[in-house]
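Think of it as A, B, C, D, E and F in the order they're written, each chain with its own count starting at 1.
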């Protein structure tokens, strides 16, 4: 925030950036309506990254069954009914330094030149609470990771018999580390699953594959599987200098080393690989 | 061929095998109508491996615009008009040794117990030529490879900016070796492309990624790219003991070592990496 | 348990085994007094594995300040006052199959020929509660891991400037996986720490080294450090075919692959490596 | 070409360079007679790189049985009868920038300071055709590769039972990639052959070893051997940071990674490794 | 030596350096009494590096049974009776360039800014011989290596059944290379021994482990063990980029690659692994 | 020795074996004259392994300037004048078990079926001393290694500027380990030298390359070069599963892992890499 009505915001190079570039290349600022404090389904819809041309408001409407919107006073953009704060203004051609702010990985992202948001009017609905999402926290990782988990599920399902669960872990921002439980039918299946996961989500840095008796949401079970079903010389895959997430501070100009851990038991495993049960 | 009307045929574990298993588990032979000598579009349709429930005859009809069929005399199965040979009979619950015959990789496949085909009648259309496909030859590799090339194209397109061409090489039976030309935008892109290709076609054993100035259908250009743009310690990816094709005689119980070769030039490459032009 | 007064017990090859071998080599059964249900400090003392010749009862006495014991009625062995159950009898030269029981790793150990415990008398103090330790549970891992954590602390302290915390994780039975937080003074320190840890506890299979801003008891912080400070091609150490724990079902005749993960940040790390703070 | 009678030419550091250095160190230009358009056997002789002191004109004479020469008008150097163009002049102590021209690898070589060729007279035999060799083309690779193939044959013959064919591939300029077919008597023979090849031709970057049933001049057969007889984790040899060809743009100050591919079948190979035959 | 009474000396960052820093931080020079030409037991005592607070004069006294000392005339420091040269003076706050001198590895150490030694008086006992130790020679390596050999013995004894001999080799300055002979009870023992050795002496760069029939002091026996009992792909351990000795010129900012060689025979070795005996 | 006139001897598969096979395939025993106790030059000549057709007696004659021989009484074979013992007889078609005897590596070779030597007459020159060569000792390694050192010299000379010394070490039987000192002109030269050495002597298992200031005959200098000029992650070459010596007990069916150590200093090395000199 630079002034009462002026701030700088980070625009990641997706749809809004595309619209901003189109406007500025015509010598214009981009008229925007910023909405803060909405129904969680609206938030989720905005995180799904549908392809260009699909409007996230329509997605939210689908998720909710029905979403009532009204036209914003200045630009006439659709605003969900019950929004807490609405800002109308322009994404200016003027840029300024933004950051360093904490990003999805819970690390400080670097300072970047970003567009200034120049507000014309700010409407505050004093009867509404505003739900603020802490970057790098659990909500952030769930919103970010959700559509990627679906993409990984889809890709891995094509190469192994059955996928049980896919989880992008909260501790990695819902972005860098995946845990996948599968039904293993052939030795080697876990490594095929790794490649499918790396292909489905190029930012993925680490993937752990476990059997269906291990719950990816239970870190103790996953660690127990690594302790008792994994040998680092046979069951580890490392791919060097491949494109990963530029948010990872340890990456090298966006190149990273991806690691896959096959913590599945052998197909012919005996009782020594079973989870104990209290009789 | 065991007798005038009796032979043994290889049924790979896909749709026909599923139907055969359903029949035999009910204690019945499976009534079949074998059609030999058809329009190439029909042959192509049968090689596409659509999902269970999609009838290849409908696919062929789509490809040709229109496909005329008649009902077979005994079982009433649809037979394309103009087929050269039609055999009506049963896939018997009796099995016998089949092979060793040459398979798609141009290697002798192992001997297997397979169902016997017991013919009731064989109709031969003496006015038609029969187009026989040599296993392991160019036609075989093109038919087999075609749908997989499409799957690889689709998967790689999701991780790199643009795919130019995907070729499963004839010398590898259109099955084990792929060459992919891409537009490279980031260092590391080629390795992301490799993983997408291995995920899209699990039998794939080797993939070579080249820049868009190299034609995957020109082996000399591809080899020249490897000779002048590849360093084996930095640009090679090997994944050990992952599931591959059981047809490959060098595989170990279906486990194989997959190899990826990044023969793209660096992003900042100078004139020394350019293909020479005769002025 | 084979009979009212007869059971089979696992005697690991340490002090009791030594005493048993001495007795049986003289052709005698070993007189034993089994005590169940004691003060936790006594339990801890028995888990410390002091060197042969140091009596665990003395250690317990030291821990408690004072430990009152009485002589057992038959063999005259010292029994802590307030014990819940006391069994007097012999470890017989006769052996029988023991197991499969769950061991410290929470896996089923294999069946072994072990000595039979033949009881003469069983005294039960009906006023006392008996504290049973579940093998593979948290108490088991804490008791087992405690003395090893001290040994690792001692060894790592000799090769790096300062050790903050050493934890053998509960999910690995307090036995296979360690997490160590250190003050790093030189690049490479973390790898020296790994070797010291592997030397101090030969059963150790995996060690993760983190900076002092990461708490080894907080799995999320440890995973975050791996996600943002670790590169698998530079920061990973694997030692193949070295002696590890025979309890690990994935080990090969006691040979295992040990893995070390250096999740410390570089010495000259900037703000992008810092943990975010809410202002 | 700088002027009607003045050009710059690349003199590689072999015999002519030695003569030029001797002359210039005495403060003199080197008198030369350049001959263009000769019998192919003369061209071949000049490419053989015999040791210093053996005159290539004598080699050509040996190859042809008889070679008629006459003395050049100005310097009295021997000129083959029937040469198309003869230039008499001096390799001047003056140097100038040469290039970038395409070299044997079909890449643009870098610009170098090279001696100027100052012609006194140019004789053109209007009745003769001049055979110009395109650098990087098939003739260039055959002329360059021929003597190296002989050296590789000689070296490999000393370590394996029998060598069938050695080919430096045209696509690698007849310089960087070799394919060698051998009779294999012991497992491991192919890797011994690789080392002999790398020793015999230090510029060699890649060598593929195949069995005698594979023709090194048939790229499809060679690729088929790699597809069906090679496993990248067992049959690949990589030597890092060894001296290779400075012409390779991907080399690092002349250091390269050499790669050897053992595409021979096992000694006890069954029918599944055989080339199919049409009965 | 800069002047008749002024020189520069290298003070390694141990106890004397600590005392020097304490004095200079108070704005004072450090009064010192330099003693040259003493009983070898005194020299050995000074090389043992006991912990801060233990006086090396006391250690020497212990080693000799009795050590007579007198007070130095100026500072009153204890001087062993019979010392050849005694210099009294100050380690000045002034520093100057020292070196390049040869260090324990028999390499030229780099030039450093070091304290000047300003002498007040030099006493020379004309009846005594002075024993000068050549840096990098055998005496230097024995003095330096002795306490480290004891530390390695101690650490390795904790992980293998029995250690026979530990030798830090003279050719590596008694500092970088160790040879350890052990009784091997389990496959893998030698690698556990390596890690214990690397942990016990962080400057260690190479360790060779042999069986008890091989004498670490006999280089021919050690090499014979490597020639006949070692396979470089199974028995070699390399740890990259770990902290080692900064004296090693090939190290990278103190980071080095440590190498362990397991030259022990298999546990079930037959007669072909035995040392031959003349009947 | 089986009887007064009958023994079993090991015939390695070279020239004598070829002659024996020719005789036995004609159904005949091979007439032989065994000569023991000759001039060292004759012994050396027999160790040179010239190609089939070159008579070692002629080589010895060349080495000595002149060698007087006489015809043996029974077979008329040439016998050097002054030989201590001459045995005339036959290599019989009958075979028997030979060994286990100590071979050149100073290990017990395995027992083999070998031809029996049936003597007709044994002549002993009582005035001559017999020089017996101890297998595995220094003389054995020098005789065996000499011609291989020459072959390695020849091969390495073709790939590096200058070779100073080649030594096959006595401790490896003059057979498995080589040390080569070279003039290094390019980084990477040492690795080219390794490959040339492995190609020149396929039994070679380890090669160490040093600079010309290091004497391969001085083990301390060689070890010092490894300690101060070698980094195991950059300067080590390992070739797995390549054919080596079957005499090495650690080899796997004749397959071995060859190791090359580049202990040369960098081309731009400073004073810290120099050998110290006493001023």
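Rule of thumb we're sticking to: a contact is a pair of C-beta atoms (placed from the backbone, for glycine too) under 8 Å apart; a residue touches a chain by one contact, two chains touch by 3 or more.
Predicted, not measured: the structure shown is a model, and the values here were computed from it.
Counting steps between touching chains, the shortest path from subunit B to subunit E takes 3.
Averaging C-alpha coordinates per chain and comparing to subunit A, the farthest chain turns out to be F. Between subunit B and subunit F the centroid-to-centroid distance comes to 55 Å (mean Cα coordinates, whole Å). Work out the mean CA point of subunit A and of subunit F, and you get 67 Å between them.
Looking at subunit A, residues 234, 240-241 sit in touch with two or more other chains. Around the ring, the chains sit in the order B, D, F, E, C, A, counting from subunit B and moving first to subunit D.
Of all residues in subunit D, those touching subunit F in their complex are 155, 158-159, 186-189, 191-192, 195-196, 198-200, 202, 234, 237, 239-244, 253-255.
Contact residues on subunit C toward subunit A in their complex (touch as defined above): 100, 102, 105-110, 134, 136, 169-173, 176-177, 205-206, 219-221, 223-224, 226-234, 236, 238, 240-241, 248-252, 256-259, 265, 269, 271-276, 278.
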